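Each of the two complexes below includes chain A, the first together with chain B, the second together with chain C.
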Partner chain A sequence: MGLSASPAAPGAAAAAAFTILSQLCGAAFLYVLLKADGSWQVMGLLALLGVGFFLLERFPGIGEFITASLTRVPLVTAATAAIIVLGFPFVVGSNTYILHLLIVAQLYAVLALALNFQLGSANIPNFATGASYGIGAYVSALLALNFGMSFWLTLPIAALAATLFGFIIGIPSMRTRDTYLALVTIAFGVVVQQLLNNFDWTGGPNGLVGIPAPSLFGHSFASPLQVFGWKLPSQANFYYLAAALVVVAVVTAQRLHGSRIGLAWNALRADEIAAKAQGINVAWYKVLAFAVDAFLAAFAGTIYAFYVSYISPDNFTFLVSVTIMTMVIVGGMDNIFGVIVGAFLLTILPEKLRAFSDYRLLFFGVVVIGFLMIRPQGLFPQRLRQYGVHR
Partner chain B sequence: MTELFVQQSVNWITLGSIYALLAIGFSLIFGVLNVIHFSHGDVAMTAPFIALALVQALAVALGASGPVWLVLATIAAVIAVGLIGAVLDKVVIRRFREAPAMMALVATVALGIVIRELIRHLYPQGSNPHAFPRLVSGVAFEITGVSVSWFALLVVGLTTLLVALLFVFLRLTPLGLRIRAASEDRVVARMMGIRDGRVFRATFFIASAIGAIAGLLFASYAGVTRFDFGVMAGLLGFSAAVIGGLGSMPGAIAGGLIIAGIEVLAQTFVPDGASYRLVFVFILVIVVLVFRPAGLLGRTIMEKV
Partner chain C sequence: MSALLRVENVTMRFGGLVALNDVTFSVKKGSVLAVIGPNGAGKSTLFNVVTGVYKPTAGRMTFDGADITSKPSYEVVRRGIARTFQSSRLFSDLSVLDNVIIGMHTRTKTGVLDALFRPGASRREMAACVEKAEALLQAGSGDLYEQRNRPAGTLAQADRRRLEIARALASQPKLILLDEPSVGMDDKETDALVADIKRLRSGHPELSVILIEHDMRVVGAFPEHVMCIDYGSRIAEGSFETVRANPRVQEAYLGKAAAHA
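For the complex of A and B:
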């Protein structure tokens, strides 16, 4: 019924129904994937996902239809998404492991969105997102441990510190490019990680322990969350906090994408010299991309530090930056939705591959390589900017 | 003071030669395929494991052990790793030739994970460090009270020989000419009847075999090998190639010597320098690239409009 309508313009009611249905299907898939254990179940779900993307690839009309319906009724889309996100912990119930996975996935989604400003929008490689993440985590943790500052106060300070770091990496980016720039960012990442590993006041390789849980209006995040008689485990606090951060990141990303800044970044990606000739301040927009990335990454780092209450330099290595980069590339560069999907998949997948116990990293590597070969444009490739009244 | 100086100079040249050999592989592959092969370090570090496995297999099968067999096993390992490189090129890396640079980088990082995990699973107790014998032992000569080992001489001699051979190969043989042509302009090279597939295969074989020699020398230098040595070896070799200027052989050698130099300097003169050595190395990398954005000996890229 829905499919028989013209893909370009589904009716409002059909679009609303389809929107709700497709989002519920997505949420159900996520839930089943999170619940699945045992290698056959995981393999089956992966195969299902593969078939789904194969169909998308073969019949691009399906994808167009979905996007058309989603954008036709933006309010319904947003409301359904909000209800799903708010309701998920109630469905999960007391399963703290699933909640933990979701929190980590959301934090990675924020990191991937942060990196997407550079890698996706402006095609600037950055292997220092892990370092910005680490700076955010360490600055806030040190402030909380040494000066007893509250979480809410450390959050902006950590973000400012990381943004400053972003500017510092951004400056050499004005001179180098491509592979050389990639190495500069790798070098910054390694230097930060090694310094954290060696300084006494950062706890050295042992890291920082006992970061206090934040509290809001007298409610400590370490205690269970009570909502209308429902009792949710304490992780639910952080789940909602992380979800709020994802919303902030998505809104930021969307606003920037639609603004002159987003356009300037896209122009940089298309052709730097042409962009310069158009009067775009190339150097400034490059540095800005680094700063925005570091700013958002620091938020994620702060929440991570207060959530696990223990951080060590091992959480912020070069491989973490590569993982974030993989999420952006696998999800689809410059596509906000795709990047979030990439982050969720690549966070949950290695955990689910625990069914293969010792072989999970091997599987993970093979899956990533296979992915890049089969669908190099990412799960959800970037779309052309659409202008006009209803398109 | 002179004693310390001579001692550290010997260390520097030994380590620098090993890094230079790794960097040459990166540079060679980048020059021809325009792809950063980030798992090159991991490929190189499979060599010590293959050599160890061969030595043990030989000891069990023939009851033979001794320096001769060790040398034979290392040579076999070098050839095996060269073939591994050629296969990886065919199966994985070549497919990312036309892709955006970052995609190739991420794919080869993932490939590095796969290689490390394969070593860990295929080699008995692969997660543990394994002792690796010195390829040659003994003291060659003494100057100012410092003994210079045969091993240091072997490393420097082998590196010089390999660089000379590579130079002759690239300059004077038909295959070398084809490799240079393909790295200059792949499309025109194809039009001239050069089969680029063969060129890639040859390049990967040579680069991986040279990397394998570096890996064997490194394991022998450290006296131990681990499945995850490839990460740092790759990072340092890549850095050496980049600060020297990707695609430039003299640059790769200079880069290797510079990286090893800063490492040795940090360890010798800075208190607690050993734990900060990577900080110094990578700060140097940043400084070099800020002042020479295309590396020390790299060709400055003029972008055509």
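For the complex of A and C:
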């Protein structure tokens, strides 16, 4: 490689090596973080992360180099990611607690990606994502319990029901904005939770119990997973299911982001009046963002219900919506990768901070604020679209 | 010759303030109308009413044979009216290229389901947009094309104005409304702007232009059809020569005292 090569344009071989290495490092960090216990270990890892992001902020060239490498060899990037995701449960082994954390983190990643369409792409506040998540969970659970419907059938039905809900909360967004709209969505979220609490047929505050585990080709998700002589705990079934959903969410996000729809959302985020003057039906695109958000959130809700087999209104409170929002903001608005990182970090962190017992929430708040101070635009900020890089 | 845009007795009130008072005019296909008038006369309001940002209090507007009174903005753009803003309103956190591509919104058609299930078609559409956008950026004066991957918010003032025009042209309009395009340009840049508009017209003989201008050199370059507005009312219309010589216009611009002095 000549000296003239700019740091942001690595050669294909170098890029591939770097891509594999950096992703393995990321996976190793996640593994160590999941395994860590005791306050010193956790603090040390957080400090390491803090330094990493500080360097990213100070030297933007590093970030450019990394993204340039990853996009230079997209196939290698995808293949490495796939191997890491598929192989992770084998490394984790029989530690069901870690698998559980990973499943929840992946479901939150989907929820954060769902909200990202609104908050990130279009800058529409929505505090009702938790409610859409709950509607997905309840609709599918009710269908399974009352009509014996299979998981796979309830999945699309629950998503459609939540999408309808999304359209309904979207309607006020045509008339109200910003703070007022945020209030409207809070109201919707609270109303949904209260209704779930008060109806008889939703089980009231006790919720729904005994949601049957899904099965695929005769394999029940409640039984351990056997692969090539390896025996993985039953949680691994749901781990892979959740991973598949993350893939669906990422592909959805990428396709919408790369199309004129993503551009229209970005346009109305930047300047609504100018967006109208470009012929964008702003009201429709806002409602659409609500619908897409609810659609994906319902998928996550369905998997959650069938995973824990017991749901109650407490799982879908206003606080859940706030958590999802924090994930998007900390991770990086309108950055698919950032949002996923935000979801993982904010799911795993509170668990790891149990070591601080009474000061857990305080410490959690300090960490979130700390990250936002180091990276004010989110851990991985929104990037300009690049066209024809490979031309 | 048939009129492309016909504005009939349009009045726009904001509470007690009459921003447009019974304004009537029309624009022929392929012609340029220059609109002049003192600050606060109602020129920008006229654009806002025509493009559906405001619903007129009274009056009627037709474009290309269809009634566009009270039609929403996106409908008006789809029918072929594009505009720029006086204080340029770019999508500042998006690239220059993306700004132009967004201008093609009404000429592209990928819906949610297409984007999700026919990614190839969606990608081809975007690729075609990129190509057209690059051509538009190369067409005007300045070096917008070289700056196409920068955030629009980082452009210099003159480039911002040029980008607004390129974005408006991206919708393949039949009528383009330019609100003081020369604001923030120096003499050289203004001359280049005039040349751009002239070149645009010779390339698209069907295209009509309404131009709001304070810079009389620009107005003088398009002298056939000039209209002067003062306090919301059309006070003069005709060639640049006759409008400029009109005592009411002079009064509006210089103030009553000066006109009588």
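Note that the second predicted complex is superposed on the first by the 379 of 391 C-alpha atoms of A that agree within 3 Å, B and C clash if a C-alpha of one lies under 4 Å from a C-alpha of the other, contacts with A are read in each partner's own complex, and residues count from 1 in each chain.
The rule is simple: a contact is a pair of C-beta atoms (placed from the backbone, for glycine too) under 8 Å apart; a residue touches a chain by one contact, two chains touch by 3 or more.
Since the model is a prediction, treat every value here as computed from it, not as a measurement.
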Quick check for you: in the superposed arrangement, does A:Ile273 touch first (chain B), second (chain C), both or neither? both
Where does A:Thr252 make contact in the superposed view: on chain B (first), on chain C (second), on both, or on neither? second
So, A:Ile261: does it touch chain B (first), chain C (second), both, or neither? second
Which partner reaches more residues of chain A (counting touched residues only), chain B or chain C: B
Could you tell me if A:Leu362 is touching chain B, chain C, both of them or neither one (first, second, both, neither)? first
If you stack the two complexes on chain A, which partner ends up touching A:Leu75: first (chain B), second (chain C), both, or neither? neither
Let me check the overlay on chain A: which residues of chain A are in contact with chain B and also with chain C? 273-274
Mind pulling up the chain A residues that touch chain C in the complex? 252, 255-256, 258-261, 263-264, 266-267, 270-271, 273-282, 288, 292, 382, 384-388
In their shared complex, at which residues does chain A touch chain B? 119, 123, 125, 172, 175-180, 182-184, 186-188, 190-191, 194-195, 197-198, 272-274, 318-319, 322, 325-326, 329, 358-359, 361-362, 364-366, 368-369, 372-373, 376
Per the contact definition, I'd like the list of chain B residues that touch chain A in the complex. 30, 36, 92, 95-96, 99-103, 105-107, 109-111, 113-114, 117-118, 121, 231, 235, 238-239, 242, 246, 272, 275-276, 278-279, 282-283, 285-286, 289-290, 293-295, 303, 305
Under the stated contact criterion, what part of chain C meets chain A in this complex? 51, 53, 72-74, 77-78, 82-83, 85, 89-95, 97-98, 101-106, 108, 110-112, 114-116, 119, 122-123, 125-127, 129-130, 149, 151, 167, 171
